[in-house]
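Two complexes follow with chain A in common, the first pairing it with chain B and the second with chain C.
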Partner chain A sequence: MTIHLTAADYGAVLPIMIVLGGALCLLLTDAFVKVHETEIATGISLATLLLAFAASAHLWAVNAGPAFPQGAGAMITGDRFGQFFNFALLLSSALAILIAPPYIRTSHFDAGEFLSLILFATAGMMLMAASLNLMVIFLSIELLSLALYILSGFDRNRPRSQEAGFKYFLLSSFASAFLIYGMALIYGATGSTNLIRIVNVLGGHAGTVASTHTVLSSPFVLIGIALMAVGFAFKLSIVPFHMWTPDVYQGAPTPVTAFMSVATKAAVFPAFLRVFNLALGAESHRWFGILWALAIVTMIVGNVLALSQSSMKRLLAYSGIAHAGYVLVAMSANNRLGATAVAFYFIVYAFMNIGAFALVLVLESRGEAGDEIATYRGLFARSPLLAVATGVFMFSLAGFPPTAGFFAKYYAFAAAVQAGHTELAIIGVITSVISLGYYLRVVVLMFMQPVEAGAEQVRAGPLSDFMLTASVAGLFVVGLVPWFYNLAVQAVQSFFHFTT
Partner chain B sequence: MTPDASSYLIISAILFTLGTVGVLVRRDPLIIFMCIELMLNSVNLTFVAFSHYLSSADGLIFVFMIMTVAAAEVVVGLALIVSIFRTREDIDVDQLDEMHG
Partner chain C sequence: MSSVWFILLLPLFGFLVLSVGSPLPKRAVAVLGPGVVGVAFTAAIVMFFWDYGRHGVTRDAVAYTWIVSGHFVVNFGALIDPLATVMCLIVTGVGFLILLYSVGYMSEDVDFRRFFCYMDLFVFAMLVLVLSDSYLFLLVGWAGVGLTSYLLIGFWYERPAAVAAARQALVVNVIGDWGMMVALFILFLHFHTLQYVPIFKHVPAVLGYDGSTVRIVTLLLLVGAVAKSAQLPLHVWLPNAMEGPTPVSALIHAATMVTAGVYLIARSYPLFHSAPFTQSVVIIIGTCGAFFAATCALANNDIKRVLAYSTMSQIAYMFVGVGAASYASGIFHLTTHAYFKACLFMGAGAVMHALHDNVDIRRMGGLKATMPVTFWCFLIATMAISGVPLLSGFFSKDEIVGSVYLQAQHVGWLWIIWIMLALTAGLTALYMFRLLFMVFLGQERDPELALHAHDPPLVMRLPMMILAVLAVIGGYLAFPGAPNWIGNWLRHSFERFSPVAPAEPATQWASVIIVILTVALGIFAAYRIYYQRRPAPEQVGATAPAIYRLFLNRWYVDGLYDRAVVRPIIVLGLFLSTVVERFVINGLVEGSAAALRDSSRDMRRVQSGYVRNYALSILLGAVLVVGYYVFRR
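Take a look at the complex of A and B:
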């Protein structure tokens, strides 16, 4: 059998190849360039991300219809759903790299190695968003995880960073084992690892597969679903599989935390959607209960535990857990609005969450204890821009209109109501009210408390200033201009093409 | 008498459970690491059994992927363990408790 690769096949992986190529370039230049290393490495990585963004936008324009260019046996797709998540992933990677240089300098990191690992992780995430086969999902989840293990433990001489890297490594590979055991059972039940073929077998149109051999026994499907849910839940830090999150977020270098808090979720959720809502869509009566319970527990536990944190990174870790719960609400609705809400959420989440970490980063790069919430007292007097921007991020995370955070949450809960699960939306709103307790505490400290005598002014540096301004503007623009939401609607049209 | 697919599946389920229990009860990172490898290999056995039973090659290719990834994980994992070992004398996971709350 010969394999014919067409231009469309290469086109579908072009954005991923650009990011991988950029990462290799970074490693090469790192070997030769000895002056202005950080500036050059940052420039190369941002240029790579921009180029990949252009390639992704081109793919979006080319794959205009819901049609699927690579045929039903494909492992990777260049569809609009994947491209939309590529936009979110490239955006979060770029925002994290924009605020990283001062931190890289003060921690004496090797800029080339550090940034190329971020690019490798980004490539793995993009591959994950584009995957149409359980095998590719497994490979890409490992590609992104391996890079993130090293990044979490990158500060080799700081025990907390070592501990973060090692904890993340052990728990994440433990979760991978569950994920692939689930995949093995689904493979046994359906006879294929290809998501489209799984849809056909479970949807009752067998015939494309060697259906005579198909086991198709329901215990395999049920256990497979449960095991895969455990695997995905670990990666998404969904309660009760969230224990690693606060420790890893607190211990890892702050630019890494900012990056992984958004990008890992923006990569795993599309794959989670493709596996559960698409491939196992016919089995939704089996998995709905699992996701329903996980969503409720995650929203409650994440928001309640965040209330008592004194470390900003831990607070944001629990806030991240809570937000994973909101997205899970949208996903378990299992309708078009739900998938749209998931896609829209991550564009918004990239701006507000990485923005919130920027404050920690700016203070840490100055050698201050940026992680301690108590040090934010009177920050408005020390740096108006930083304080106002962080205030906007906090209001957006809490879900105040007119910031985009409100609309993201609104669509997520609206999807649950449309699917007839008003209880999920009600619990979501109640837990959002609880979340005001910790988001507003930060705002009150910054604006309404007097600054300590002798505290210096804080200047963030040009790149960080640009990033903060862009994120604040982004939060209002994405929220108020309907074009972005329409983009998500179009992205989801390609996703649901197969189930109808 | 050749054993049928279900015997292989039962064996691999037992191995997977042993690995899971090992990860949860042992405290030495290397042993935990070995238990994770045991879990991965029990999955490999499942894939091979299904692949043979279904006469489909997908499962066999998956096994190669898992073995490659497991090798890469060993590299990163051992490197992390070595870097921790350089700064402290012993590595018991219960002592990795600098952060909690």
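Take a look at the complex of A and C:
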């Protein structure tokens, strides 16, 4: 069999290739550069991400319309939906790398090695967002996970970090088995791993051997759906597959936590959407019940458990679980607004969640116990910028207008209402109210408590200052200017079957 | 891009820069604070000529749609028409002059930057209010000016009186905001939009003429207008608002914000036009307020509070103007009032500066010799507000009184209104000249206090002089007998929707002559009493003790409110906070919060840290998910 690749095929993988190339360059840097290694490596990674962003934006401009510009034998696609998530992924990668250097220096990390692993993970995530085939989805999930296992255990001198990496590896492998089993069953029932072909088989367009009804009601398909849902849910830290999340988030080096808290979800959700809303979209009544229950449990457990945390990273881990629940609400709506809401959510989430980790990171880089929420007492007096920015992130995470966090949540719940599932929106709003209990606690500590005598001023450094200012500005701009939302609307044109 | 966005965004930019610019030197603040408003004024002039060049065509400039949720659509848009343009020119133009004046007035204050920060925010909020193309953003601006008014009244937050006054202003304004909001809810219910144009186009079709809904909506809007414009019965906050710095009183509590109620009624004219009942209420409230405030001003001895009551009285005239469907005359009086009242407040500020912040006019006198420029400006503005012929206030006030006179030919009870308005015109002359004579003429009563009295520096003198000039020539926009230029121009705003507002009436010479006579009588009385005899205030009171005490105590309204409203509410509040709050609310809120915290703590125990437990949880989850299919079948 000969593989014939066109220019369009190369174009579809170009952003991913750029990131991979950048990662290899970083490894070379590691071998040759000895002075100012952190600065040079940071510069190379940011330049790589910028270049990949340009390539992705070019693909966006070229691939308008609802058709699938298919690359590499319909294994992956360069459609706008994938590009939109590429923007979110590149953004979260860049934001995490912008705040990483002080931490890299204090922990004596090998900058080239560390950052190249982040880029490898990013490449795997981008591949996942672009995949149009179950095999590629599995492949990319392993690619990104491998890099993340190593990153989680990167701090060799800290047992907590080692524990995090090992736990993540063990549990993730366990969950991956469910995923691949589910994929195998779907392949067995439909005869294809290609999502478009699965649509055709299940939708009865392809004139297949088995009639649609028999295929759909076959236990293979149903158990396949169930097992794939389990596999995806693990990666998204959906309850009850979430238990690794707080431990790994807390143990992993903080820049890794910041990165994976957003990027993993921004990579898995598009694949989840492509499989469930596109390939199995017409059969939503067969999976809706599962996602409905998972979303409700996730929103409640995530928000309630976050209340009693004294560690900021664990708090944000549970907050991340809760937010996965909100996004799941949007996804389970299985309509155009829902897919748009999912896409829009991650642009917003990148700004507010990575920004929230910046506070932990800045304090930890100074050798303080930045993970302990109690250390934020009177932070406003020590660093007005850091305190105000974190305050904005907390308000945005809690969903206060006019920050973008409000609109992200609003569209997610509006999708559920449009799909006729008001109960999901109601539970979402109630649990959001509960979330105020922990988000505002941080704000109260920072602004309304006196600073301890003798506490030093905190200077975050120019790159972190830039990142914080840009994230705060981003949250207001995305909230007030509808351009970004319209972009997300264009991105979901790939889901051509949506009527509403 | 339309120049309107520059007008809007420049003050916002100034506010944002000043709010974070703690390292900015004072000089930079002094340039930036007034500068942005000055540039915005230039942009407003550009917009003015642009629109006037196109024959006062109205247009809607929509920047973009922000939110779409069912029927509920939120645009960032501006409605540019003669009404909005006039308001815009006043807010930025007079605002610029007052900010310039503030550079001198506030130069000694430690919170120089904070002052200009708030002032720029106020100008922005006021511009949002007048430029908005929907009731929604009108409300945003409405609340914004309320907030900045609160912040600026309480600018000297270490003075308990200032804080109390700020709180009072906020509370009274919230009553108005409540009325506004309910009105907007009802409007949205009937029109499915809050945009002006679709509402105004369909008022007669949807709400009918003189129906109960349109009555309720307009009355609720009137509650908002009355609170914001300090009219009866929600006027009590305005005199106390004089605790703020004098430029604030000039800009917010005289020239612009307090006239927002007049703007609201003029803007909503298709609604008010369909509700003749409410129009009558507006006229009655206005007339009673004009008379009431004039009597209060007559007895008051605080230079700024006299001006505050006079502001209330003049706005009451504007209410009568827009209530009598003579919208252009109301807006015309709003314009001229902005000039002379801002000038009067600047004069008062200059006097206070010279006399170490003393505001008691019984300790003043003879300042003409030491402060000639201030005296002449104050004199011109006093003549203008009193309605001395050929100055601006004469033209604008006579238009309002004249239109009532004209309508009284058909509606009998309006004669009472007309008589009261003419009488109040005389009272206005009396209290204003009383103020002038007591402050600037005669012997100085407290020589020690006035020892170092002098005219203010140029940066304060210049805006005062410009406004004095405007107070003279501002009236020629509508010279009696000549084409009513401003009226004709504003008509473009008031002819756009059905029902069309009636044309501005021709000058009513009979009314004009009678008003001139009462004004002359008022000035003469002031001259006899306060210039020739110069009695001690106690002596004035002695001739008519009961009525003097009535006026001095502001008709006992404040005391009545205190007993009938404030104290019962405080008692109720105490009851709620001690009994209901502690046992009911806290029980519910803290109970549920505690329950959540406890369940959170219990659920945490599951998080054991062992991989085997975590894997078990995943397995159980998988079994449940698969089981869902098994048992569903």
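Throughout what follows, the second predicted complex is superposed on the first by the 481 of 500 C-alpha atoms of A that agree within 3 Å, B and C clash if a C-alpha of one lies under 4 Å from a C-alpha of the other, contacts with A are read in each partner's own complex, and residues count from 1 in each chain.
In this text, a contact is a pair of C-beta atoms (placed from the backbone, for glycine too) under 8 Å apart; a residue touches a chain by one contact, two chains touch by 3 or more.
What you are looking at is a predicted structure, and each value in this text was computed from that prediction instead of being measured.
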After lining up the shared chain so the two structures overlap, which partner does A:167 touch, if you call chain B first and chain C second: first, second, both or neither?
-> both
Kindly classify A:246 by the partners it touches after superposition: chain B alone (first), chain C alone (second), both, or neither?
-> both
Go through the superposed model and pick first if A:482 touches only chain B, second if only chain C, both, or neither.
-> second
Just chain B (first), just chain C (second), both, or neither: which does A:437 touch?
-> second
Considering only the touch criterion stated at the top, classify A:191 as touching first (chain B), second (chain C), both, or neither.
-> first
Determine, under the contact definition given at the top, whether A:304 touches first (chain B), second (chain C), both, or neither.
-> second
Who contacts more of chain A, chain B or chain C?
-> B
Touched partner set for A:234, first chain B, second chain C, both or neither = second
If you stack the two complexes on chain A, which partner ends up touching A:139: first (chain B), second (chain C), both, or neither?
-> first
Both partners, chain B and chain C, contact chain A at residues 167, 170, 174, 246-247
Touching residues on chain A, where the partner in the complex is chain C = 167, 170-171, 174-175, 178, 219, 222-223, 225-227, 229-230, 233-234, 240-241, 243-244, 246-247, 289-290, 293, 301, 304-308, 414, 434, 437, 480-482
Counting only contacts in the complex, chain C reaches chain A at residues 64-66, 69, 593, 596-597, 599-601, 603-604, 606-607, 609, 611, 613-615, 617-618, 620-622, 624-626, 628-629, 632
Report the residues of chain A in contact with chain B in the complex, numbered from low to high.
-> 134-135, 138-139, 142, 146, 149-150, 153, 156-157, 159-160, 162-167, 169-170, 173-174, 176-177, 180-181, 183-185, 187-188, 191-194, 210, 213-215, 246-247, 250-251, 309, 311, 314
Sites on chain B touched by chain A in the complex | 9, 16, 19-20, 23, 29, 32-33, 36, 39-40, 42-43, 46-47, 49-50, 53-56, 58-59, 61-62, 65-66, 69, 72-73, 76-77, 79-81, 83-84, 87-88, 93, 96, 98-101
